[in-house]
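Each of the next two complexes has chain A plus one more chain, namely chain B in the first and chain C in the second.
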Partner chain A sequence: MKMRFRVISLSAPIIALTISFGLSSLILLVIGKDPYETFRIMFEYGSTGKSIVSIINRSIPLYISAIAVAVGFKMGLFNIGVEGQYLMGTLVAAYIGAQFSIVTPIHILFIIIVAVVVSSMWAAIAGYLKVEKGIHEVISTIMLNYIGTGLIAYSLTTLFDEPNSNYDLPRTAELPETGKMPSLNKFFNIEDLQDLHGFLAVAILVGILYYWLVWKTTLGFDLRITGSNPIAAKFSGINPKRLVVIAMIVSGAFAGLVGLAPLLGYFHRYTIDFPTGLGFAGIGVALLGRNHPFGMAVGALLFAFLQRSAQILDLNDVPKEIEKMMQAFILLIVVVFYEVIRRFIVKQQIKDASKRTDE
Partner chain B sequence: MKKIFKTLSNRYIVFMPVLLVLVVAQVETYSQLTTSGTFGAAVRLAIPILLAGLGGLYSEKTGVVNIGLEGMMIMGTWFGAWGGYTFGAWQGVFIGMLGGALFGLIHAIATVSFQVDHIVSGVAINILAAGVARFLNVIAFKDVQYASSTASPRIQGDIEIFTMPFLAGGKIGESETFNLLGTIENLDIFLLSDISAFFLGFLSNISYLTLFALALVPVSVLVLWFTPLGLQMRSVGEYPAGSESLGVNVYLMKYIGVTISGALAGLAGSYLVVAGTGTYLEGQTGGRGFIGLASMLFGNYKPFGVLMGSGLFGFADALQLRSPQAVHGLLIVISIFLLILTFKTFFEKKYKVSILSFLFSAAFLLWFMNSTSIPNQFVYFTPHITTLIVLSFANQRIKLPEKIGVPYKKGEIN
Partner chain C sequence: MNLAIEIENITKTYPGVLANSDVSISVNSGSIHAIVGENGAGKSTLMKILYGMIKPDSGSIQIFESNANMSSPKDAINLGIGMVHQHFMLAKNLTVLENIILGIDKPLLKNIKLSKYKSEIKKVMDLYSLNINLNQYIDELSVGEKQRVEIIKVLYRGAKILILDEPTAVLVPQEVKELFKNLKELKDKGVTILFISHKLDEVLEIADEISVMRSGQMIDTVMNNNVSKIQLAEMMIGKSLPTPPPRITSSEDEEVLSINNLSSIDEDGRTVFKNITFKVHKSEILGIAGVEGNGQKEVVESIIGIHPLDTGEVVFRGEDIKKQSTRERLESGISFIPEDRQLQAMIMDMNLTNNVIIGRQNIEKYKSSLGTVKTRNAAKESEKIISSFEVKTPSTNTLATALSGGNQQKFVVGRELEDNPSLLIASQPTRGIDIGAQSLIWEKLRNSRDEGLSVLLISADLEELIGLSDRIIVFYQGKLVKELDADKVSPEDLGGYMTGLKK
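Our next item is the complex of A and B:
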């Protein structure tokens, strides 16, 4: 019986994908492009070896960001501030990590810890404001994003700027060799392609850690029960205030890892053009993947695929921004259909239950 | 008299800083704090926040949380710029409103008809709006000069500007009139000059669009509290099942509320373009939709409260744009205010808070003494940090609509 509902709930993302592709095709038709041809080019380009490595690389921070958001979502807490949290954490980690050099594993572990601590502290502010001052976390985290951006811009030009550099724009010093994450190309035997970020391993571990944390620990149980029924949670002895702060800190800790894949694997320093927007993209992935570690992985890969394969479109005179539209369509339609199907399943369960009592 | 004194001491959180700002503004370096120019800029910057806040009000009074205000505002900026470029300034305003209303409608469909979680839908709307605006901009202005993927060309024409005759020296026909408030401002009399500067900011060189936006404040009071429609809308936010039983069309009311909300957010966005930059720029809204939401909370779900809240944020924004030195003056204001708070909490025997505010007060004083200006990057987030500080003082006495954020399905009791 349960299997049946699982299959039904899987249909939501499939319906959403179909409709989004339909809508995007319609838009392409309106602006006078052939949708079939467009999608064919995208798929062809997106399935080359180089693209696949790039897609995996892009999906790593997306996935971790989605997990950071999902920890909050599980208890009905909206951490929109992953954006600011990961940027703060990455900046400080990049700065401190460049100051010394020890054996690679310890060095990288140290950088990770710094990023996690800074990000979770920044996230904790929002938790505190919610619990003590009653400010909704959506507003406080958004404001903290702007404040964080300002603080980063300030400290990057003063405190953390590389000393004696002849480079025009502010940036931190480069990480020493020991602080760089080795790529996985040797492992997969694809040495002719560009670097596959070694952080992939961490991302997989993070997925497992998230699963264990949410479904196998008391904290995870508290989170889930508060998310599905706050009143019942309160009566079962959960302290909601304490839980909000803890959830925010855990969410921020995951957020700390978001920027590390590009930092350790590619940029090796924090610069002005360090990738932003991963925090917001993560919200979409979490919604699409329904906070499930596997679903979010699929979502992250899908969005990464769209991003990468859209790069070819400009050469074919199709605006590549169509990809942003597609992501947004998928997101909006999928949340609608999840709700529709959730209601359908609840109805079915009630029907089944009443049938059983009748018998 | 006793009553006035009592309200004053109850609202010391509001009045103390105002008084301190007035005193600090007497110092030459910080005089920018209270000039008519600053107030004028504050009005211009407050209007988008005000409109977004009013938008939030219409939606939330019917029980639908509208985090998507920012996205609807983004639509307002793009459609406003497109309409302004194609047809002219006022048409741009109207089209921007329509663009916002369209996204309000989408939010309504998702939250009302499909009962999607309001915040989830709002977040999705924000992401959708950013994508749509970018895409439309690329499509619509592909081969137009001075346009790029993140900016539109300049709009045609302007909104006319109005200056009050006699009080602010506006013209009647061709002849100049006396500028009463301007003269008083230049006399530099404590309080009196500052007050006339305040009114001068409202009355001179003010766009008709600003006047229209300000007029929406009393209109909103009228619509929401003095019409049958407003009563129905508010009842839906408080007790939908009860309203349903009295024959109110709950879904329709929510649809109306959220769509009006979108239209107002769209107006806020097109204001940024039409009365501000003259072009659409990506990221131009800069979180003002959320600040609007904050001003609604600050204003305790009342239109005039929203006006006050947005005025405060507009003022913070104006200072950061016009005069970074003046923002530096705010440091000493904060320091003194925290010192007062230290004594107050000390006599109330809240020693922990007292010590904390004393430490912060000292820190701000040190910062003030050891610097001559605030770094640009800090000035940039003045409105955002103001939002957090203001909300953390104001949030305790908010009266939310009873069923805010609760999805309502016909025939279900909740």
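Our next item is the complex of A and C:
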């Protein structure tokens, strides 16, 4: 019975994917490009060994970011501030992490803890403002993003700038060797390709932790019932204010991990061109994956695949913005079909329940 | 006599549900025709079909002896049908006059000729002897007056057939009397009235003819003067009415809950309730009567810590619990059945097993030492509730929203009676559910009371209140105005105290 509904639920993203490929094809036709040829090139390029490593690397921060957003979504809280939270956390962690050297596991763990603490404190501000001052979290987190960006720009050029650097742009000092996360290439016996980020292991653990937290613990139960019916949640004895602050802190803690895959695995320092926008991209992935740990993993891989494979398009004279449009199509359509399918399932259940009543 | 409405062989099915099966009914012009039936018997489906809100699968409708083919309420209004919904459709920050003309004019930027409308509405009011001050704001009106505005609204739009959906559900006895007087006046002026209800006494008082529906079928239509209440009830539920067993034990002296001098003032400085003092003994049902909005809801919500208090004590089993959180109170043996099961008691998009846990997330039965939810215990408990409260559901995995109102409520009551609480606060425990579920809940409440449970019962259904309670206290304008012995009070007396007419 439950199995049947699960299969039906899966049809929504598949339908969305099909339709958005169709719409993108239409647009390609309008601008005079061959859609079949375009997609063929994309898949061919996207399935090379190099691309696959790149796709996995790209999907790690996307996935963690989606989880940070999903924790809030589960209780009806919109943390739009994952962006500012992860950038703040990463900057501070990169700076402090470069100040000393100890054995690798402890060094990395320390960097992780710093990032998590900074990001969750930054997120807690929004929680506090909502609970004590009644400021909606969407407004406050967006504002905190701006403030965070300003703070980062200022402190990167002054406080955190690498001393005696002969590099033109501001950046933190490089992490010592002990603070760099080893790649997984040896583990998977990958040769001749770029590094597969070691943070992949952390991402998988984060997915499991998220699942356990939201679906197995009492805290997660409280989050979910507050998300679907805040009034009933209050009558059940939940203190909504306390829960809002907890949820923001947990969401911010996950956000703290977003920037660590690129930091520990590739950049090894915070620079002016450190990847931004991962916090916003995570919102899309969370929507696509319906806040489910497995669904978001698929969503993150899909978006990473589109981003990577679109890089070949410019060489073939197709505007690579088609990839951004496809992502947007997928999101728009999938939201509609999730709702359609949800209603269908509820109807089916009502039907089953009334059958039982007739007996 | 002319027929105002003739419905022939109407059938309407929803996926898996036969809402109306081959329903036929004839309503004489200028009569009051009641339709009675349990919740889910198909009354509202039939009325929605008649009002053009849904289309039947088959069958025909004739209005004033000509074929009616309606596809929206607009068509119904044009044919002279008006509907007064159970929940009023009024804008409370507008005046009566503005509410009545709302939506009549096309929305254009032009001056509304209020005086023209005013004189037209006055004519309608005079014709049907319906009285109301057109310049008052809806906010300032009583429930009965709001209902009158709704009636004037549909009459002004030219209705000759009036559908009233459970019109007395929200009224006190005095207002019901007023409504019935108005309805008789309307009937004398030739208006046809369809009166939907499940309160048999009222139906017998007002209706000329009575049609009974049961599980989507029209059982029979009878003349009022040759049917008894018991016959009607038996037609409605298809079996003889259960009679309440007399109580076997008496309440004990031990005070389970003692409320001392409770007061609450809201942010605007308005008194919500003031100096409330009462006690609930072990093995006793204390009923609270009051028209909605007189502070009784806030008092019980303050007992579980949801509504804020200014002064006073809430003593539960000898301990002042005023400083405790809602969660601590719920876990210390107070159970709460809120008045709105879908909004306050259940999570509609979760399954029954998850719904068992709500309100008890932190007790040992449902929370492991690791902080995880013990789903298996919850599944066992929901199985138990489903069988002992006769909840009709395919399984414990069914979403709460898939259940009918009566089954949802039985499940909530079962959940709240689990683990033998010392005190149960039941707010409108049988509102809007069928007779079968209602009598089961009554029986369970009585049994629990006999086994030592203390119950604080709020109900708008005065017969329920009198029938179940041992004592009744009455709230009026935020004060406790009267304490009564439930054995010696009539609904009329109670209504008098509730509206401040009696002191």
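Quick notes on this structure:
What we mean here is this: the second predicted complex is superposed on the first by the 359 of 359 C-alpha atoms of A that agree within 3 Å, B and C clash if a C-alpha of one lies under 4 Å from a C-alpha of the other, contacts with A are read in each partner's own complex, and residues count from 1 in each chain.
Keep in mind that, in the parts below, a contact is a pair of C-beta atoms (placed from the backbone, for glycine too) under 8 Å apart; a residue touches a chain by one contact, two chains touch by 3 or more.
The structure displayed is predicted, hence computed values, not measured ones.
In the superposed model, A:Asn79 lies in contact with neither chain B nor chain C.
In the superposed model, A:Ile225 lies in contact with chain C only, and not with chain B. Residue contacts after overlaying the shared chain place A:Thr38 against neither chain B nor chain C. Applying the stated contact rule after C-alpha superposition, one finds that A:Ser309 touches neither chain B nor chain C.
More residues of chain A are touched by B (comparison of chain B with chain C). Comparing the two complexes, no residue of chain A contacts chain B in one case and chain C in the other. Chain B contributes residues 67, 106, 110, 114-117, 119-121, 123-125, 127-128, 130-132, 134-135, 138-139, 142, 149, 286-287, 290, 293-294, 297, 375, 377-378, 380-381, 384-385, 387-388, 391-392, 395-396, 398 to its touches with chain A in the complex. Chain A meets chain B in the complex at residues 31, 78, 80, 129, 133-135, 138-140, 142-147, 149-151, 153-154, 157-158, 280, 283-284, 287, 319, 321-322, 324-325, 327-329, 331-332, 335-336, 339-340, 343.
Only residues 1-2, 212, 216-222, 224-225, 228-229, 231-232, 234-239, 346-347, 349-357 of chain A touch chain C when the two sit together in their complex. Residues 15-17, 304, 306, 325-331, 336, 338, 343-350, 354, 357-359, 361-362, 366-367, 370-373, 392-395, 397-399, 401-404 of chain C are the ones that touch chain A when the two sit in their complex.
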